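For reference, chains read A, B and C in written order, and residue numbers begin at 1 within each chain.
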């Protein structure tokens, strides 16, 4: 239990950190597409190897994730179909193909397959020790890489053109970031499932954005929010029966998001509301004076002649 | 008969989604369709809890309500200054999570398999039939989907020009006095309706696929909206028929096969469409280059 | 007192954070071509959109021929900025022009042969009759702009609002727009044009409206388009302004 808790904590931390960058690069839903696209890769890895091994699944998922990104890119680049539809096409077609493979595996009666359908909704409690270790270590690596390449990632998220001008290997860094997103998604799938894993990337990052305008603080906060959600999800679903980990984790993150939206200084709804009241009153006061001023000026000169 | 009912069900799903999908794709709201198809789940679960049966009408209402809530929340977040895809991601995951929790906590009362939520049970469609005065009138799903399709046809048929103008130029539509918001929510309501009508038989993922893939394929094949609508329905129908036989041959998921076939058709259009295909594009570019060179 | 085609009183519009238009009041004369000028972010497009009810106003009143806009929709034509729509939309030029008739058709009627005829006439007027069946993404920028103008003509309005119709168009289109504007004026219609190019203002417009968050000045071009007013509108941002202003002063 302690280890699983540690694993979810690290997973939340890693996804929150990576999610901050994908959010700023306006690729929030890419995580969703990658999660769905991972399914055929996982199935093929299983078909070829015949064993349920998270490491092999990850390789399969990375390959099909890379194919999916390539597909989205090709569709938007070479046809008049826009980004949103391209995402939707790749997401559903890859998933459809994955479902075909999965049912094929199930119908073939291979005894080892029992773990595969867990990937849909995720169940942290059913993970075996090696999975938990892997999840924790991989997440940790993600965080460390982000810390080391912080200024590079910052620049390519904000202004890739400028980064290229400075001689940075933008394409390489973008590929790396994409790879890290795929990895985060694949380890996340185990804990929260295919459909909900996108939330691990998006929700903590967006919640963090409300509190600060500094990227460094935002990334740290997103990581903390993610870790908090992961721990809460695992704890609650471990103590209450019939409660899957994934949805609880996501709802914990959503709760943090709601708190941020409402109470964050400056960007929060409450702060905005107060500010709007204030400007409205100020405007009213000013307006009376302006009107008097303008009517003496004869604004309607044009019509009078 | 089995083949017939399954293909008919698939075709009705494809037709309903195909029509609506065209408008979603043109309005760049494809992922909103994805969001709706997931976030109607709590509506369905709540309807189950209230009626403790598969009361179709209540489920339709519950899902439609949650579909509109989804759209409303996404819009509210966007107006608060959040990117559209982040808003979509936050809203649909939260609502889907609530739905999953409701279902797994009340597993005893809700006769709804979570896997079926994603993949549907189109193979069992024919067993659940509508009996009226002792006559077997065919599967309930077919009646429900048929009704949904008629409603969609009626709405789009009556207000074709409004839907078209709202998709092309909402500013002008508003200036002409067309209630843009009303038609926006009407479209979203119809998407929720077709989602939930299709849910039990084909699952969330097929709905998403049928909303987006055939419409996008049609978009590559024609430059007229009316033709695009027609092609979209046709492509959906072909996908569901061909998909069924592929599934039978492979002994695999029917819904998954239907989407895979639709994806294949999209790939063909993407490469070979005489209007906007990749090969035609490349040729044009090649010709331009030779002209420049000479 | 005659009723103005457009009368705006104390119009204030704010986006989330800050007010974009502050208490703008003016009335425009009938049968004139009016240029709306101002630096970027001065609220030119915002003014048009607020008048057309496309964005909410914080405060203020807009009336068209003495009545609220909602009652006068059929006599108002609008040409949005070209970039505001997706030109990949599956439709052709004639069809876009027919959209201008939707307001007259009411809720359920579909466009028929009469609308087609009107649309064709309008396309002819802007010199685009040959392109009626062309998919709109295959038209050049100038041709797209002319299709938009034809659509506004099809609205058969009394008062027109045009948002930067001259932006990024070729010389042929520019000429076509100018002659169209003069036709409209001769028919006694009023046209409000958001404009960017200061060098053509005196040639194109009878009246100007100088905007910079607030209304700086409004009136006949020769009285209003002065270096003094331009200085107030644009600040010291454009040195070139001196030329236009000086010339104006010289001719008056």
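Note that in this section a residue touches a chain if its C-beta (ideal position, glycine included) is under 8 Å from a C-beta of that chain, and two chains touch if they have at least 3 such contacts.
Quantities reported herein were computed from a predicted structural model and do not represent experimental measurements.
Asks: Between which chains do we find the greatest number of C-beta pairs in contact?
Replies: A-B
Asks: Taking each chain's centre as the mean of its C-alpha atoms, which one ends up farthest from the centre of chain C?
Replies: In terms of C-alpha centroids, the chain at the greatest distance from chain C is A.
Asks: In whole angstrom, how far does the Cα centroid of chain A sit from the Cα centroid of chain C?
Replies: 43
Asks: Cα centroid separation between chain B and chain C, in whole Å?
Replies: Those two chain centres are 39 Å apart.
Asks: Could you work out how far the Cα centre of chain A sits from that of chain B, in whole Å?
Replies: 24
Asks: In chain C, which residues are in touch with two or more of the other chains?
Replies: Residues 16 of chain C each touch two or more of the other chains.
Asks: Enumerate the residues of chain A that touch no fewer than two other chains.
Replies: 80, 272
Asks: Which chain B residues reach two or more other chains?
Replies: Within chain B, the residues that touch at least two other chains are 28, 81, 219.
Asks: Inside the complex, what are the residues of chain B that reach chain C?
Replies: Interface residues on the chain B side: 26, 28, 81, 158-162, 164-165, 167-169, 171-178, 219, 222-225, 227-228.
Asks: With touch defined as at the start, can you tell me which chain A residues reach chain C in the complex?
Replies: 80, 272, 279-280, 283-284, 286-287, 290-291, 294-295, 299-303, 305
Asks: Please give the residue numbers of chain C that touch chain A in the complex, ascending.
Replies: So the residues of chain C in touch with chain A come to 2, 4, 10, 12, 14, 16, 18-19, 22-23, 25-29, 32, 34, 58-59, 88, 137, 207, 214-215, 218-220, 223-224.
Asks: Note which residues of chain B are touching chain A in the complex, please.
Replies: Residues 25, 28-31, 33-34, 38, 80-83, 85-86, 88-90, 93-94, 96-98, 100-101, 104-105, 107, 114-115, 118-119, 205-206, 208-209, 211-213, 215-216, 219-220, 247, 250-253, 255-260, 262-263, 266, 270, 276, 278, 281 of chain B touch chain A in their complex.
Asks: Any idea which chain C residues touch chain B in the complex?
Replies: It is residues 16, 49, 52-54, 70, 73, 76, 78, 80, 84-86, 89-92, 96, 99, 102-103, 105, 107-108, 110-111, 135, 151 of chain C that touch chain B.
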